[in-house]
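So the structure is just underneath, and the comments pick up after that.
Labels run A, B, C and D following the written order; every chain starts at residue 1.
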Amino acid sequence: MSITYLEAIREAQAHALRDDPRVFIYGQDVGAFGGAFKATKNLAKEYPGRVLDSPISEDAMVGMAVGAAIEGMRPIIEMQFADFSIVGFNQIVNQAATLFWRTNVPCPITVRLPFGGTEGGGPFHSQSIEAIYAHYPGLVVLTPATVEDAYSMLLEAVAIDDPVIFCEHKFLYYHLKAEKLPSEALPIGKARIAREGRDLTVVAYSAMVHEALEAAMELAAEGWEIEVVDLRSVKPLDTDTVIASVARTGRLLCVGEAWPWGGVTAEVIARVASEGFGLLDVPPQRLNAKDTPVPYHPNLWMAHRPTARAVAAAARKILRR
Amino acid sequence: MLQTVLDAKPAGETLTARDTTLAAYRFMLRARVLDDKFAALYRAGKIHGGVFLGRGQEALSAAVGISLKKTDVFAPLIRDAAGRLAFGETILDAVRTYLGSSQGPMRGRDGNVHRGKPLEGYFPMISHLGAMISVVNGALFARRMKGISGTVGATCLGDGATSTGAFHEALNQAAVEKLPLVMVLADNQYAYSTPTSRQFVCDDLADKAIGYGVESSSVDGTDLAACLKTVGNAVAKARAGEGPQLVVAKLLRLCGHGEHDADGDILSAKQSYIDPKLKNSPLGRDCLKVAEEFLLREKWTDAATLATWRSEIVIEIEEAVAQVRREPAPDPYDEKWLAISSAHLSEMHEE
Amino acid sequence: MLQTVLDAKPAGETLTARDTTLAAYRFMLRARVLDDKFAALYRAGKIHGGVFLGRGQEALSAAVGISLKKTDVFAPLIRDAAGRLAFGETILDAVRTYLGSSQGPMRGRDGNVHRGKPLEGYFPMISHLGAMISVVNGALFARRMKGISGTVGATCLGDGATSTGAFHEALNQAAVEKLPLVMVLADNQYAYSTPTSRQFVCDDLADKAIGYGVESSSVDGTDLAACLKTVGNAVAKARAGEGPQLVVAKLLRLCGHGEHDADGDILSAKQSYIDPKLKNSPLGRDCLKVAEEFLLREKWTDAATLATWRSEIVIEIEEAVAQVRREPAPDPYDEKWLAISSAHLSEMHEE
Amino acid sequence: MSITYLEAIREAQAHALRDDPRVFIYGQDVGAFGGAFKATKNLAKEYPGRVLDSPISEDAMVGMAVGAAIEGMRPIIEMQFADFSIVGFNQIVNQAATLFWRTNVPCPITVRLPFGGTEGGGPFHSQSIEAIYAHYPGLVVLTPATVEDAYSMLLEAVAIDDPVIFCEHKFLYYHLKAEKLPSEALPIGKARIAREGRDLTVVAYSAMVHEALEAAMELAAEGWEIEVVDLRSVKPLDTDTVIASVARTGRLLCVGEAWPWGGVTAEVIARVASEGFGLLDVPPQRLNAKDTPVPYHPNLWMAHRPTARAVAAAARKILRR
């Protein structure tokens, strides 16, 4: 048996629906159809009345989740694409994210964002917008990079009492596979050393973890030992694990698929520079997507996003200093 | 909630129109006196930020609050002091929020009209107009899922807020889900300074109901008895499972948009942006006076009683203000600066 | 635009219903053949990303495009190949965009249905449903400010998109500003897999017009002659200054939501989520066949001519595809990676 | 004669309306009423038909500006408060910001955001959200700190061919005054040395420039010479001027009123760490608002945002290293 990243997401939701009567799923086409990506396949049939098609109303979708959460439910909202969550942005950042702080009443909602670039996705079906959610107080922002994390972190997302932005990478949906679902997992908030090494720390998250790992293999052939840190969660961000890694390697490259200004890479480097300055032997560097919309044509897209080759090239520059 | 006022009444006795109207009037009066106090505190520089009154809208607002049960859901807006009190809010909590007391429901974290107690079905507005409606939908939806029936959710909105996308999405959502939502629109002719001619073109906001496939009713917002009847009917229909109800009341804002907005106060401004014709039209009647006249005409009460009520309320409010003034202000050093409830997941940025 | 097709016609001669219908039919046919080609290219793995067809909606779409003038504004959506061609888009530009040619209007930066030429009044959609309407409003508003009269702006939308806040805000805005906006709603019974029962509750989407204070008309979207008449009237009214016009056409999507959506294709799927009753109802008629039958019945053309037209179009499209295949793909090294036009203000992040 | 920050904004708009027939203003209550803050006072009368009240429809307000810009106009959109721009966010970041890159047609719109904290503003009338705009490609994000800049940068914002997010600080509206309007100005994209010093560089923008300057005065009494850099524009961000200052001082503190995660301070520190690492004698630090919604009560608000005292305290820590 083998299970994909996408199937893991479906399984986690099935699991949550089975174990917790407070859970329901609401989103466009998530019902009988099973969702644009089939992440809710058969769930409407298996859990009648608990997996519901919504109108094309992202603002009202999130607002309704907040109201249901106040009433003790644990709604999961599926956005058809992360990019469309922007029309529900207000309810997420101003309604859901402020509820606990203002009223002491927690807001346990999970908003699933199928995000990130794929071939031919173009400017509005490719965005990586974790940073704008992480900027606001009151949200937990998760970016699983593996099948196991997709499963366990989604389960945990539903279980915790706060609004979670669950960024699931469309590029990983089908081609990332695991043998089986995990029975235990690192808790949310802990980063993972995806590969050990002593020459350079590459911090990445979501799909970029795989580009980093591929680059690490390439560089291994050249004799370099690259440590890859998979952040898993970008808010909270596990600064300790990153700094501990930098303490070992003295060198830092941070890789993100999002736009450069104020992205995860800026936050990571700012923290390491402030809190682990003395550990750095050379200037920390970052590698991001280019500062333009995500292009449609694969030629452009491959140049727009960091690839293993680009990661390796950036790493070499740091290693040679 | 009517029940709260009439607790003294022997169980089993049915409520007469007289009881209800008197109870509603008293909430109106409490709200008016409370609002006046907030205005006075504002002028005295005792309130941080804005003050928003419901002057002229108390009949409608009280009718909403009084038509609901304790177990219902209510998401009021900026002009709903009366409805809030009628739904069960205490004067103390209102004052605490305006004065930022650490003892209030918002603990100084939020203020003025941004107050509520979500777990009691009393939802605290965020400022973004229209944003509360879908939250009420969610609560109603959840109750249905949990098998709780007979709940109604009411929410209030102004004419201007009907132009928001949030209003549209949420009213449509309520219609699709056939939720027991009562959406009360106070068409007070202006959104801040903007007249309705710059806000919508349909003849009457009630026309909007058609496109959502929901029922609507219109009412003279200056007439308490009419408001009680119309809002009461809408709540009853929603409770009976007849789906969302839109209630549109026509009236006039008898104060500035906020207390900072002197030009918007048709009653006292020398030159107001409010069309004086409106003031002199039936819309411009003061619902509180109209209600008093009605009560006296019906002989349901007398002038002396009205005066007593007012002075009792004044005292109650003064006492509340005095008490809140003695309560501790929030202390930043004691404050838990955590935006999420899962403390282990929160980030502390030490500075 | 009718004018482009009929350029051959001696000036001064007025257009007959026959001319218009034939011209519209030819755009429908071009769109159908073009869409079929895109579907074939998709199946052959030659197209990156999604392919969205207008099968079953060509009559309505062509009617929109043909009713507009070159100087009008048009913001089509995903099912408007016919309208785009009728408004003046070349087959070449459509193919270039789908194949990501650097010579196309979007230069490989955007693709498939996200194409247009803003300066020619042909606005390229962003994906967020409802977002183009207010942009059309802005263009119409600007023209009025500049003293240009007689412009119309048309935009197309599906039933599902009426649930967006953007739709609401923009239609209301057009009404308040009394803009010459023609909003064409293709009620094709589904939004992706979602039936209209989960999207709205009013009996007919045309009911929505009332709440906005705009005029509306309904039409059988499978009937070309009816679409030409209804859309043409709406455009004429808008042009005459009668304010926004809502046109609602009922029809059925005769393809998947996109070409990846096999289950959504009622024509070929074994088990489709589309209700088979709809397929067998008048809504399920193929507007292209209906139009052909009409043209033959009226004796405005004959079967041989129809066949010739089709084969001419097939050749034209094959040639366009062949040509575009020879055009250079975008080259990331040549690309100007600047998101703003003020190059001196842009940030280059060297990596 | 003396002119406030707010009056400068009004004057800049009057100037733009007078000199350029393509300019118009659209926003809630901006017409006869002159705007919630009176930033368009009398303009509707002086420029009939060109200063228009909009419905409460932020999405449609911005969309209409984009359409008008395509037609060659230069719309200025006033948001009543920056916080409400979030319901128009989609049209800003996905429509306006992508237009040029997708179509080669520029999108010269200016969106005015009255932003930042004031006493009693509370969670939804106080936000500093420059970072989420700066994160998206395709926008210019300005944050004037002085009366002169409020005037000249707004004029320049209207003149340039791209969408500009003009963040005007409500706290500066009334109490910041200048003798007269400037006749010349630094161009957009250049930071300004607001005070020279050789011991520490404090980078700030908007209202925080004044807190930094006050802290610098306080520290001057203790013998420290603080250099204060006023960014003026956060996108583009003038890294050169910042790095040149750090080259002189060897120490960096970056101050922002926004939330910490991914804010301007993160971006500045990440850049200096990457590009000017060797110039830093001690770890660069940042000081931001706390990661919660902006509180209503002044006691809380003063602790939530960085004040001169907090800046001075943070500076002392760096200076003592």
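Keep this in mind: a contact is a pair of C-beta atoms (placed from the backbone, for glycine too) under 8 Å apart; a residue touches a chain by one contact, two chains touch by 3 or more.
None of these values were measured; they are calculated from a predicted model.
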Chain labels contacting chain C and also chain D: A, B
Cα-centroid distance, chain A relative to chain D, in whole angstrom: 30
Centre-to-centre distance between chain D and chain B (centres being mean Cα positions), rounded to whole Å: 36
Rounded Å distance between chain B and chain C, as computed from the means of their C-alpha atoms: 45
Set of chain D residues in contact with two or more other chains: 54-55, 57, 59, 83, 86-87, 90, 94, 97-98, 101-102, 123-124, 137-138, 235, 237, 261, 290-293
Overlap residues in chain B, where contacts from two or more other chains coincide: 106, 109-110, 114, 126, 128, 163-166, 169, 172, 176, 198-200, 338-339, 346-347
Arrangement of touching chains [line / ring / star / complete / other]: complete
For the chain B and chain C complex, residues of the former touching the latter: 163-169, 172, 175-176, 178, 197-203, 207-214
For the chain D and chain C complex, residues of the former touching the latter: 24, 49-50, 54-55, 57-73, 75, 87, 90-91, 94-95, 97-106, 137-140, 160-163, 188-189, 235-237
Chain A-facing residues of chain B, complex: 73, 105-107, 109-110, 114, 116-119, 123-124, 126, 128, 131-143, 145-146, 165-166, 169-170, 172-173, 176, 338-342, 344-347
Complex contact set, residues of chain C against chain A: 47-50, 100, 106, 108-112, 114, 126-129, 160-161, 163-166, 191-194, 198-200, 263, 273, 329-333, 335, 337-339, 346-347, 349, 351
Complex contacts: residues of chain D adjacent to chain B: 28-29, 31-33, 36, 53-57, 59, 81, 83-84, 86-87, 118-125, 260-261, 287-288, 290-293, 295-300, 302-304, 306, 310, 314
